[in-house]
Amino acid sequence: MVSVALLAQQIVNGLLFGGQLALIAVGLTLIWGVARVLNFGHGAMFMVGGFVGFFTLGATGSLVAAVIAAGIVVFALGYVTEVVLIRPLRDREEFGIPSMVVTLGLAFFLENAFIVWIGTQRQSFPRFTDVIWNVAGITLSAQRVLIFVISLVALGLLFVVISRTELGLAIRAVSQDHDTALLMGVRPNRVYAITFGISAALAGLAGVLLAPLFAVYPSVGWYPFLLSFVVVMVGGLGSVRGTLLAAMGLAVVRSISIIWVSSQMAMVILFAIMIVVLVAYPDGIGGYLE
Amino acid sequence: MTVLETLRSGIARTGDRLVEDARSRNGIVFAVLALLALLAPQLVGGYTLDLLTQLIIAILVVTSWIFIAGYFGMFSFAHAALYGIGAYATALLAGKAGVHPVLAVLLGGVVAGIFAIPIALPVLRLSGAYVGMATLAFAEIVYRLAIHFRGLTGGPTGYTGFPPLLGGSRLALYYFVFALVVVLLVVQYGLLVNRFGLVARAIREAPDAARMLGNNVPRYKLVGFVVGSAIAGVAGGLQIYTVLIISPPMIEVNRMIEFMAMGIIGGLRTIGGGIFGAVIVFGLNEGLRDLGELRLVIWGAMLILVTIYFPDGLADSSLDPRDRLRELLNRE
Amino acid sequence: MNLIELDGVDAGYGENQVLHDLSATIAEDRVNCVIGPNGSGKSTMMKSILGMVDVWDGTITIRGEDVTNDHPREVLERGVVMLPQGGSVFPDMTVKENLRMGGYLIDDDLLDRQYEEVYDMFPVLEEKRAQRAGDLSGGQQMMVAFGRAMMPDPDILLLDEPSAGLAPHLVDDVFEQIAALKERGRDMLIIEQNVRRVLEIAEYVYVLDQGRLEYEGDTESLRNEDDIMEMYIGERHG
């Protein structure tokens, strides 16, 4: 019999993890919603963010600098990826699959390039803080709470940019109707590249924030990618609201199932949920909510 | 028309097309390759022969993936997993149930075909990138279950307790693999040059039109997916007799990416593209083994470049630089 | 002064040439229309002005400035605005956001004045400004599209088959809008299938066939051209 305390603890852990997961997944859903690209390189962006943070921290000793550098470098990487790899495919009759393949190729390329350059060993990343709180019998690491809060702030900023700024207006216009946006004077190519940059930067930011938990190594991005992949499928590709809900829900499912089964089997459960949702509601729970 | 007549005319057509295709540029290349493959054991032995065996098996995996992804347009990520299911089934049938190894290989194909059904059914309802997503989830489930059920599969370290095929002779194994792969390639080719292949391409290019012409589109797709997966399962069985172990790395997503890269680099539109791509990527992997991961960097880059600049793959594009230049300029 | 000039324009998609050596001059201070059978290149002509289709040969100028193959943005900045077929409002944006998109390139202080201008023309849009455009009725969506096109206060408005695919009562609405715009002295270039209706409004007519200009002249003179009238408009004079 599972104690109520353990269950409560796992639910709290799940919610905290859900916030981090949302940060990774929202970039994936954003770039699909705007540019119809399923970015298999999203995990590689996460990985590059972790490394940029790691090196910046080593050089400057400042965590803030590490976070900022990761965001900027990975934004640039995403921007260039869109211009060089995705744009040449855009006029193709069939766009979804080639764009999936080139981003998969990019992920593979980057992962192995980092192995050649740095090796496969894990670089450990210092914790931001070691403080542990105890609230009503539930253990809370200040580290995880801090990461959760930063994730929420980043997501909130993204929301403000999308809903309140001129850039956000252009992004929404392009995602709803590319040709009409063009007629309004928007430059869709630039919007795609910037959106790809923002999406990548969110992954890069997550890469640094989660580095103390995941460590930093060339294939670190694959697992968060798979998790966020499940999240966006369940939440509905392109639906930010669905993605946030799915991130929280699935993270809680995962941390509760870990009470009984291995983390491998927890992933099996998540993937099975994803297939069922994909078949029952191809637009995800986000589409179902609308 | 009776079944027998249909079969006879299908075989006749396959023969005609084979003779026709053999005269093309690629046809001549493949004929020479096949001849070389037949003579290879006279020239090389030991480890090199094992590698050639593995290359021939890879060709079978890639062509059967092209069967599904190239002809029907169902871009499956589940192929390496189904190849792995065939491999596990063969190993367990031969090792634990005492089935004759040759029979175990064929049954491995059947088992893979059966396991393909639960993912093929959802795939029938999806299209484009969504097929990739669902099949990737399936592949990840298979990979994790293979690790989890260690009592059955040997878990992360794998399983080796099965007897060798044909008494363990490398030479005999090589010719057995060669013969079986040639037969299965001709079967796939035969299906694709006949009505089945025509409908498959119609489904890829215009599913609604294919439906309106009275074809049972879901049934064709289901049969295509299951047949292609069963062939991959046979390849999995052959592979374990070559490497003498079955373990989870054989079916992880990186293997899938490798098969995919072979298909895409060679070209998804023909069986020949798969042969071409398998030779290139496999050759690169083995030829540059000393470079370590750098070779993966190289074919990762190739995967990107081919997708952007040779959308139909290398086997079916003109490799004359002047043609390439013209095409690039026209696109601007 | 001539507002837009096409000079020997060849244009098309991929290998498929649609416009053949098309020359036309669109003068200021009048309402123009382009008519012609399906596939005659009317839409392509409009898109070539906007820079939305490749011009292979020839030049397009706006007030003497070459805009051939320029980004639509450059054309827009020269006061040429297009209202796409069917209106194409952004369904998931509010009415006000749609208008804001219309004024995407204009200054903020001008923006406020233009909102007023558009709300003055379509009072219902002010009322519904916070609603999702996709939730409005078809007629109100057409108003959003017209209002959005008026936001940059264009020198000339290009209308791409404004009545295509609309229910009959909406067709009346649309032609009322066009007449109202003419009343306010707005220059327009209208592509229409509904020739009878558009000729009631247009002052100058271009007839296109197979990507070539077959006739141009003011509406009154056109009515005396029996051959043209019979061939393209299906009417015999008198």
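For clarity, chains are labelled A, B and C in written order, and residue numbers in each chain start from 1.
Heads up, the rule we're going with is that contacts are C-beta pairs under 8 Å (C-beta built on N, C-alpha and C of every residue); 3 or more make two chains touch, one makes a residue touch a chain.
The chain list, named the UniProt way, goes like this: A = Branched-chain amino acid transport system permease protein; B = Amino acid/amide ABC transporter membrane protein 2, HAAT family; C = Amino acid/amide ABC transporter ATP-binding protein 2, HAAT family.
Fair warning: this is a prediction, and the values are worked out from it, not measured in the lab.
By number of C-beta pairs in contact, chains A-B lead all other pairings.
Relative to the centroid of all protein Cα atoms, the closest per-chain Cα centroid is that of A. Remark: subunit B and subunit C have CA centroids separated by 54 Å (rounded to whole angstrom). Per-chain CA centroids place subunit A at a distance of 43 Å from subunit C.
Chain centres here are Cα means. That of subunit A falls 33 Å from that of subunit B. Remark: subunit A residues 38, 85, 88-89, 91-92, 94, 96-98, 100-102, 104-106, 108-109, 112-113, 115-116, 222, 226, 229-230, 233, 262, 264-265, 267-268, 271-272, 274-275, 278-279, 282 touch subunit B in the complex. By the touch criterion stated above, subunit C contacts subunit A in their complex at residues 50, 52, 71-73, 76-77, 81-82, 84, 88, 90-93, 97, 100-102, 104-105, 148.
By the touch criterion given at the top, residues 166, 169-170, 172-173, 176-177, 179-187 of subunit A touch subunit C in their complex.
Partner subunit A is touched in their complex by these residues of subunit B: 75, 119, 122, 125-126, 128-130, 132-134, 136-138, 140-141, 144-145, 147-148, 253-254, 257, 260-261, 264, 292-294, 296-297, 300-301, 303-304, 307-308, 311, 331.
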